[in-house]
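Going in written order, the chains are labelled A, B, C, D, E and F, and every chain counts its residues from 1.
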Amino acid sequence: MKIQLINPNTSQPMTQKMAQAAQAIALPGTQIIATQPQHGPKSIESAFDDVIAAAALMDEIADGYHANVDAHIIACFGDPGLDAAREIATAPVIGIAEAAFHAASLVCRRFSVVTTLSSTVPTAHHLLEHYGFAHLCAQVRATDIPVLDLEKHSEAVYQQLVNECWQAIHQDNAQAIVLGCAGMADIVARLREALPVPIIDGVTAAVTFAESLVRLGLTTSKHGHYAVPKTKPFIGRYQHWNR
Amino acid sequence: MKIQLINPNTSQPMTQKMAQAAQAIALPGTQIIATQPQHGPKSIESAFDDVIAAAALMDEIADGYHANVDAHIIACFGDPGLDAAREIATAPVIGIAEAAFHAASLVCRRFSVVTTLSSTVPTAHHLLEHYGFAHLCAQVRATDIPVLDLEKHSEAVYQQLVNECWQAIHQDNAQAIVLGCAGMADIVARLREALPVPIIDGVTAAVTFAESLVRLGLTTSKHGHYAVPKTKPFIGRYQHWNR
Amino acid sequence: MKIQLINPNTSQPMTQKMAQAAQAIALPGTQIIATQPQHGPKSIESAFDDVIAAAALMDEIADGYHANVDAHIIACFGDPGLDAAREIATAPVIGIAEAAFHAASLVCRRFSVVTTLSSTVPTAHHLLEHYGFAHLCAQVRATDIPVLDLEKHSEAVYQQLVNECWQAIHQDNAQAIVLGCAGMADIVARLREALPVPIIDGVTAAVTFAESLVRLGLTTSKHGHYAVPKTKPFIGRYQHWNR
Amino acid sequence: MKIQLINPNTSQPMTQKMAQAAQAIALPGTQIIATQPQHGPKSIESAFDDVIAAAALMDEIADGYHANVDAHIIACFGDPGLDAAREIATAPVIGIAEAAFHAASLVCRRFSVVTTLSSTVPTAHHLLEHYGFAHLCAQVRATDIPVLDLEKHSEAVYQQLVNECWQAIHQDNAQAIVLGCAGMADIVARLREALPVPIIDGVTAAVTFAESLVRLGLTTSKHGHYAVPKTKPFIGRYQHWNR
Amino acid sequence: MKIQLINPNTSQPMTQKMAQAAQAIALPGTQIIATQPQHGPKSIESAFDDVIAAAALMDEIADGYHANVDAHIIACFGDPGLDAAREIATAPVIGIAEAAFHAASLVCRRFSVVTTLSSTVPTAHHLLEHYGFAHLCAQVRATDIPVLDLEKHSEAVYQQLVNECWQAIHQDNAQAIVLGCAGMADIVARLREALPVPIIDGVTAAVTFAESLVRLGLTTSKHGHYAVPKTKPFIGRYQHWNR
Amino acid sequence: MKIQLINPNTSQPMTQKMAQAAQAIALPGTQIIATQPQHGPKSIESAFDDVIAAAALMDEIADGYHANVDAHIIACFGDPGLDAAREIATAPVIGIAEAAFHAASLVCRRFSVVTTLSSTVPTAHHLLEHYGFAHLCAQVRATDIPVLDLEKHSEAVYQQLVNECWQAIHQDNAQAIVLGCAGMADIVARLREALPVPIIDGVTAAVTFAESLVRLGLTTSKHGHYAVPKTKPFIGRYQHWNR
């Protein structure tokens, strides 16, 4: 099966890093098609970045649709544009925050999220409420590591992360840690060795859940909420959406 | 004072209709600057339309900012891009759904929303939850009148609306009606004469609340949630956001 | 327009202080009619005080009704008697706690309330739940300044308040401060200069929102919840309510 | 032990009817001291009536306090003045709506309330939310029987009630019925014979729960929420509260 | 009347201690029939212990049924098997956690639970949510005293408990303390003397509430939720349930 | 990998039917080890049945543990004993109701559950609340088909199911259907052809999610909530749990 993995920001190294993590967990017959928008911000760390990236991301969904992918993954922890993507896609669409929360809820009753900049905390809270997982989340913790610094893999970045995880365990009584950023996928293995609780990464979780939906023959319901939008005039830089 | 009234869709007649309603309610010293994006969909009736319109809308907020407006109003019932707009603006920003819910909650304990297409119902429910007004809303009712048909002012459209309002009163025990579309502003007067409960229009409510905030000297808190986003590289059709 | 500003306690200096703050923010054509009950407690700092003040307050609402006021404001942070007032009035009625919460929710996503005695904290929590703003309130903080000491304007009182506000900002991550007492209106200006977040005073907010409702032609729905009470026999000190 | 049973309205026949029901259920050693305010409305069917009755009721609580009663019962389904009464009393205070909801929650997972006028429905909903029983209540149903008509004991009144109860059972899947009025106590026996589900009357439930608290040595916590109010000046018709 | 008091664990000394506390509070005419399963764990400190004890407990309920008891009490703070017991019993069934929460909610607006091992904390939270009392609970505090050590009555155990209660009062602003274990019944008197807030013990509360239901003529609704289970084949160690 | 599929009731034909459905969806390398308790009820249709089955089920979990399975599935829609199983297992444990709700929430925003006897409806509601999916569930519908009749595969049973599904779509606006019974797995294919919305079966969903957790290296957190229970004496028919 073909799974489109969309990095909604425009940082290519991050796309590649995710693609590797995704391919590594995927089933033998699964092809990961990693992509990123040609428009928009280099990282997503505010509601503003999110709004721009969501619009740009729609083009990628359309590309995936034309390439007949079996599922789409939106690989940014804010799950930008998820509802809209579900409307225009016919294959299932999964966000990595969503996937991480689902996985966490299957292995514990109380998790903390460890994320990057504190400006992304409100989005995480909003998603927890929206999906129905808020009652399981003890705390959303920001390390104040800028997203793009995660690419650098430095020892200092790792130390900040592991310290924040320990604080989640000791202060929040967290029973599992959800990593709140797509760019953390490759640090997971190291954190798992260092920490006594499950460490959950949304990218890999999303891959296995996307594969699960495809294998189960389930796709987004087109009845009601996620029905295909009415066609209508679009102008300016969005005129390619005229249908 | 100067209030920027942004119609997030690209239908000019709708912008003008709103501008008239807004100017009519505004204080003598208030100048309504009505505008609409140069990009995006002609109407907003799905999450997809909403995502595109939100991104396009950011340019209008920036224009308002450079024109030193005292407040911005986002005049589409889905309040697209509201959080993002609050980040990049320094003046207060109000959405018309938000304004309508606030007004309704001051005059009743149970209202129904009467909106256009059923595809906009999920957005209304989401906003009610997000703002904290869900407990006051009996029902969100769709008339399945396309947004742009509202411009035509036909007797048939009015009859559909007034019938739906009566059903809200009789079946939901609604004590007030919130009109769930910016394009309904000019039908308000007629509905008020026909119906025994308060009829709430978000555009005019938003104008008076925006004026209230300005007079009170209150503007969006830049501490935490709505802090100015970090500058960063943007590419492609969003490169003008490189800052 | 005529707005009746009711101080529900029987302290005249407090009424005058509020009246000044209210008149200062009011529109040129607005007349503030400040009043207070002739019966009841000198300050409202418990559920018991609240119950007595609410009953006494009904007479003031009736006076306002006979004077044809365009709106009534109940200017005590517990919003005593608000639902009952809405039943017997025909003009809109606004409470200052309600008004302050509405204003706060338009400029931030997380506020703290700074109030007087800790005995008033449960009432604040109850109102936050009842109106639907609890999810936006980080903390209700008591300074343990008696209400009537606020009139004295001492430097010590100001220092206690400003310290509590700073704690709200640092410990609660509050993005705005709601002042939880009607008697604080005149300290607002000074606090605003000292603090980096919006400072919200219910009295002035209520004036602008009451004016907004009047301008919008909205008044309390008499359909359902706030219908005029059935007439019936009243005896003893309430026999003037025989109708 | 001595239990003060306060009918908060000024209808003497209703007081007597309740007193009989209360004495009939009470333990051999329990003395029911039935009373009613000398001020206020003849029945309580709106928020306005409730506010007046609550203030008048405080005098009765004070009388009970001076008579050294072991517990106070507020015998109106709106539980008027309950929090205030708990502040000024030292013995435990129970409301009959509260008592009825507690009893219902011990014998079923889904009940409906059958009450009198529809104007009392919002109060019932508010109490259900406030106490934490809303999730167990399927529906609050109004029969639109005026409270004072309940005294008349007519066959027509009984038929209306029993019909409404059957509707609750069939339409709401109610597993028990809470009678939403103090004046219904004497119809309970007849309803129990006619209906296949538990019928819960707040007056008798409150008596047994008040006795339980007294026997358990439990009284209202004076730590925090229900602490004795600060003494302060009261004027006019409330000057007897000057302490 | 006859009340069956079931200790769901297999520790006989604990059954006896409870029986004494129960008989001491019971009405003159009430006979306490204390019992414990002949199968299962010696103490209940995990979900696993709870599951085993619940199944074993069903036999005791059946015994009580055949002995024509007027009510059953499940005397373990996790209320194991309560819903199932209500299905197979015809007399009312009360859990001691349930009873303690009801009593607490009648005398305060904010309590803390002080319990034994931290492994029992999730169960307490689950029950608070399930019954609707979570909004009144400030904190569930574990002393990490093993259940069976409570039998030993040592001074050290008492000191740990009293310290935890003081922390609840000072840190949580708890207005009352709910003791989260059946084995604590005999320490109640001593704690009450030492602490300034109500101390609530579920065993004694359950006895008075069970007596109340019996006196009120209320028993579990057999309509819907708690209907008698369909008979069906049971095999192996549960074949005695073949009916 | 080895996945233990536990049918918690003692009906062998149902175990076999599930085993086939599970093996059919499983990955090539996955071995499904289907089992059922040697004790307990032939079907699970009440809280009582659930309590007995949960205790019996623990032995199966222990067997799976000793057989070194990689994951356990509890294949009854009430998810009996799930928390307890997570305590005593080291491999991940998934319930089929849980799995079905997760799958549904990934493909729609509003689903209805179609289940067997109405006596199982309360359990479904309880699980929806407990897991956090209640906001997505429009209705839990009972067909009143006894569980064991599902084995018979009759046309009448199918017609009842498909009719109930259509009602869910038309009356509840359900966007997907969750089948509320393990015994329905083999009717899924036929329902999918007949109905325009996703049909979700918990058994197959649980298999793919269990495989996902194993592939992700995630297992139940043993920190806090699901820690291994303390060893202690067990007597009677549970003495084999003495450890």
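The working rule: a contact is a pair of C-beta atoms (placed from the backbone, for glycine too) under 8 Å apart; a residue touches a chain by one contact, two chains touch by 3 or more.
Predicted, not measured: the structure shown is a model, and the values here were computed from it.
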Fill in the blank from the handout: Copy-to-copy rotation (chain C on chain F, CA atoms, range 0 to 180, rounded to a multiple of 5 degrees) logged as 180
Problem - Type of chain D:chain E copy interface by residue overlap (half), same or different - result: same
Problem - CA centroid of chain B to CA centroid of chain D, Å - result: 45
Problem - Between chain B and chain C, centroid-to-centroid distance (C-alpha), Å - result: 28
Exercise for the section: Calculate how many whole Å lie between the centre of chain B and the centre of chain E, each centre taken as the average of the chain's C-alpha atoms. Expected result: 53
Practice task
Going through chain A residue by residue, note those that touch at least 2 other chains and give them in order.
Solution key: 109, 122, 224-225
Practice task
Could you classify the connectivity of these chains, where an edge means two chains touch, as line, ring, star, complete or other?
Solution key: ring
Exercise for the section: List, in order, the chains that make up the ring, beginning at chain A and going on to chain F. Expected result: A, F, E, D, C, B
Problem - chain D partner contacts - residues on chain C that touch it in the complex - result: 10, 37-43, 45-52, 54-56, 58, 81, 83-84, 86-88, 117-119, 122, 126, 129-130, 146, 225, 227, 229-230, 232-238, 241
Fill in the blank from the handout: chain F partner, complex, touching residues on chain A are 25, 27, 92, 94, 98, 102-103, 105-110, 131-136, 169, 173, 175-176, 192, 196-198, 200, 204-205, 208-209, 211-213, 215-221, 223-226
